[in-house]
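Down below are the structures I want you to see.
Each of the two complexes below includes chain A, the first together with chain B, the second together with chain C.
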Partner chain A sequence: MKRSVEVAIVGGGVIGCSIAYHLANLGCRDVAVYERGYPSCGSTGRCGAGVRAQWGTEMNCRLAHESIKRFERLEEDLDYPDIEFKQGGYLILAFSPAQLRQFERNVALQNSLGIPSRVVGPDEARDIVPHLAAPDLVGATFCGTDGHCNPFKVTDAYARAARRLGVEINTYTSVTGFEQQGGRVVRLETTAGPVECGAVVNAAGPFSAQVAAMAGLELPVFSQRHQVVVTEPVAPKQRPMVISFAHGFYCQQTPHGSFILGLGDPAEPRGLDIGHSWQFLADLAEKVEHLLPSLGRLRAVRQWSGLYNVTPDAQPILGPAGQPANLWLAVGFSGHGFMLAPMVGLTIAQGILGMEAEIPIDRLVLARFARGELVPEPSVV
Partner chain B sequence: MRITEHPILDFGNPRMVQFTFEGRCLEGVEGEPIAAALHAAGIRLLRHSPGGRPRGLFCAIGNCSSCYMVVDGVPNVRTCVEPLRQGMVVCRQHGHGDLP
Partner chain C sequence: MAIVECFERIPCDPCAAACKQGAIRPFADICDLPRIDHELCNGCALCVVRCPGLAIFVVDASAGDGSAVVKMPYEHTPLPRAGQTVRATDRSGRDVCAGTVTRAQRPSAFDHTALVSIRVPVEHAMDVRGLLLPPGAGLGAGAKEGAQEGAEGGAGAGGKADARAGLGAGVGPVVVCRCEEITEDDIVAAYEAGYRTPEEIKRKLRCGMGPCQGRTCMPVVLSILSRLSGRPVGDMAPPTGRPPLKPTPLASFAALKYGPARPSSVEEDGR
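Here is the complex of A and B:
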């Protein structure tokens, strides 16, 4: 393991690996990633694997839209055989006139940014997903370029491409402390010994607050469990992701044929628990019966949970921390980090290298909370 | 391949029922696993897995997916544990089943 690196990245999920790759690809190859387990063992590999540009804030829209363009050519860019990218669209369900009005505003924003989404009525929604029941449906929005992608493969693709460019990826290596001098982090303490560093990136996902605290920095984030289930595979039946914020529900069929379903629980306590519950399956079955009853006979084959790292406005915290001066943040993705990873990796790398960022992520810096410039994202599960 | 005498279990007077397999009329004992009735009729090939390989009984206790068949239009039925009933329509499953 190197004892001195230009950029040290804490966290080997899709965000950390994407930043590492983009740094190396832009010419900064003296980079190391420190991962407490293996790449994608945390929130990345536990996510619902959806990819959408249908967001309600400009920054989420732009980051996601540009990321989808990159997912489209990622196999070629990273010389990787298959990331299981499927663009079957996202159908987002509205269950009240007020929700539909919010969706109409979202679509207007999305269209202004070049995202090909549209508002559809209940009949067209059922043309798009014929087995959709939801008798109380008011309307929906649809974007055909949204879809699914395999988070393990995307992370692996970034990690392998980064390694080929000289990046060191240290697995089963935890960062346990930072040594600061003159307001900068000069040294990392890790379970494999100390490392001198020029800059540090906090890409620690659900542990972002703990990592920041080691540098004396408090982040306005919390972690929260979200449970997911995957079913037995069947022949292709449902092309789009079906998602309902009113029910906290999402459901998508993977290219392999299995269905991935998730349900947010508003009463879920904050914390780092990643156990799973029988109650989740019971609650989920109720929603499936209401929204997509023909999936009710599918057998669940595996259930797990992962952690969202949630910010006050459900938008990520990106950019320099301010204090320490050489600490960078790519945290607080609030449940949608995987789908933003290509653009987050690129823009954070550009920021670290002093280049102009492809997208003005300065609006997402930590200081926005102190300034009270909150633009809350309305479209979250 | 049908157990008629058992040291502990008593099968009583088995009632024979009719069902179809791939359009053929067959007979089996009511309540026995569908796969048992098929085996008794000499049918060992129950499905083709997604790669095209032929499959027959494997675990025979409802744990694996080797004996999935389409029964009355429903795919992925574990025929090693699903009881046979009068009039069932049983078909081989090819690859992933189609959800009705």
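Here is the complex of A and C:
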């Protein structure tokens, strides 16, 4: 393991590996990633694997839209056999006139940024997903370029491409402390010994607050368990992701055939618990019966959970921390980090290297919370 | 007489139907464990070849010369030859003693399961439950079994001889994960490409993600990784087990909330 690196990245999830790849691809190859397990073993590998550009804030829309364009060519860019990208669209359900009005505003914003989404009525929604029940449906929005991607494979693709460019990816290696001098992090303590560093990136996902605290920085984030269940694989039945913010529910069939279903529980306590509960399956079964009853016959084979790292406005914290001066943040993705990873990796790498960012991310810096400049994202599960 | 080593209460009863002596009593419930009336058992071994779990053996200690014959199912090629000396192994494949093959049968009535009888010292009769052919043996007269040239030894011989010689030496691709049809070669290739832990192999190849959730394949995956890495199986962390443990219709979970009285869409759909 190197004892001195230009950029040290804490966290080998999809965000850390994407930043590492983009740094190396832009010419900065003296980069190391420190991952306490293997790449994607944390929140990345536990996520619902959805990819969408239908967001309600400009920054989420732009980062996601550009990321989807990159997912489309990622296999070629990273020389990886198959990331299981499927663009079957996202059908987002509205259950009240007020929600539909919000969706109309979202679609206007999305269209202004080039995202090909549209508002559809209940009948067209059922044309798109014939087994959709939801008798109280008011309307929906649909965007055909949204879809699904395999989080393990995307992360693996970034990690392997980064390695080929000279990045050191240290698996089963935890960062345990920072040493600061003159307002900068000069050394990392790791379970494999100390490392001198020029800059540090906090890409620690659910542990972002703990990593920031090692640098004396407090982040306005919390982690929260979200549960997921997967069924046995069956023949293709449902092309789009079906998602309802009113029910906190999402459901998509993967290219492999299994259905992934998730549910957000508003009463879920904050913390780092990644256990599973039978109440989740009961609550989920109730939503399935209401929204997609014919899926009730599918047999669940496994439930699991992962952690969201949530910010007050449900938008990520990106960019320099300010203090320490050489600490960069790519945290607080609030449940949608995987789908933003390509553009987050690129823009953070460009920021670290002092280049102009492809998408200006200054509105997502940590300081926005102190200034009170929050634009809350309405479209989250 | 037949020795039944069946401990799983699973829906399985071919042994009761196979026994022509009435020594294995008919099952009241298909999940019953077989019970043998040893007064009626004549050691014919029909139940041995019918048992899909390879859980029945015949031990014959009637020779009275300090030896016993153990009859066991044998699902590998090549088939041992009568008179051949083999290594007798215990239930976990550990070497116990030398044995002499007295008979190796594969009549069509046995439905592709061969029955091999080996003579071992009588004190090992209740330990010996498997056999290993000596490396390089059995490819001469046994070649009609379709074994390929250059294959070495019987199944399991790979462990000591060469870490690359796997479970399938001489018999073609070995399917390890039946849910996802992942072969031993796939696992070896993934290991060599850098996916080293059971969890990474699972994520890369999907073995353990199917309806069996690794209950069938994961012990084999671990043993292959152990052979490749030299690490004992006990040092490797298998992937986390998670509910619902057996494939269960989503709609049936609604009963957890409302009680079983609520009509479920499973019934409505009539699967």
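What we mean here is this: the second predicted complex is superposed on the first by the 381 of 381 C-alpha atoms of A that agree within 3 Å, B and C clash if a C-alpha of one lies under 4 Å from a C-alpha of the other, contacts with A are read in each partner's own complex, and residues count from 1 in each chain.
Definition applied: contacts are C-beta pairs under 8 Å (C-beta built on N, C-alpha and C of every residue); 3 or more make two chains touch, one makes a residue touch a chain.
Nothing here was measured: the structure is a model prediction, and the numbers come from that model.
Peer 1: Which partner does A:Leu137 contact after superposing on A: first (chain B), second (chain C), both, neither?
Peer 2: The answer is neither, since A:Leu137 touches no partner chain.
Peer 1: In the superposed arrangement, does A:Trp278 touch chain B (first), chain C (second), both or neither?
Peer 2: After superposition on chain A, A:Trp278 lies in contact with chain C alone.
Peer 1: Using the touch definition from the top, say if A:Ile19 reaches chain B (first), chain C (second), both or neither.
Peer 2: Neither partner.
Peer 1: Check the residue A:Gly257 against both partner chains and state whether it touches chain B (first), chain C (second), both, or neither.
Peer 2: First partner only.
Peer 1: With both structures placed on chain A, which of the two partners, chain B or chain C, ends up touching more residues of chain A?
Peer 2: C
Peer 1: Look at A:Ile359 in the shared chain and tell me whether it touches chain B only, chain C only, both, or neither; answer first, second, both or neither.
Peer 2: neither
Peer 1: Just chain B (first), just chain C (second), both, or neither: which does A:Leu295 touch?
Peer 2: Both partners, chain B and chain C.
Peer 1: Which partner chains sit in contact with A:Ala235 here, chain B, chain C, both or neither? Use first/second/both/neither.
Peer 2: First partner only, chain B.
Peer 1: Across the two complexes, what residues of chain A are contacted by chain B and by chain C?
Peer 2: Looking at chain A, the two contact sets intersect at 232-233, 294-295, 297-299.
Peer 1: Please name which positions on chain A make contact with chain C in the complex.
Peer 2: Touching chain C from chain A are residues 38, 40-41, 45, 152, 156, 229-233, 256, 261, 276, 278-279, 281-286, 288-289, 293-304.
Peer 1: Once bound in the complex, which stretches of chain C touch chain A?
Peer 2: Going through chain C, the ones touching chain A are 197, 199-200, 203-204, 206, 209-211, 213, 240, 242-244, 247-254, 256-257, 264-266, 268-269, 271.
Peer 1: Quick one: which bits of chain B touch chain A in the complex? Just the residue numbers, please.
Peer 2: 50, 65, 74-76, 95-100
Peer 1: Residues of chain A touching chain B in their complex?
Peer 2: Answer in residue numbers: 131, 232-235, 237, 257, 294-295, 297-299.
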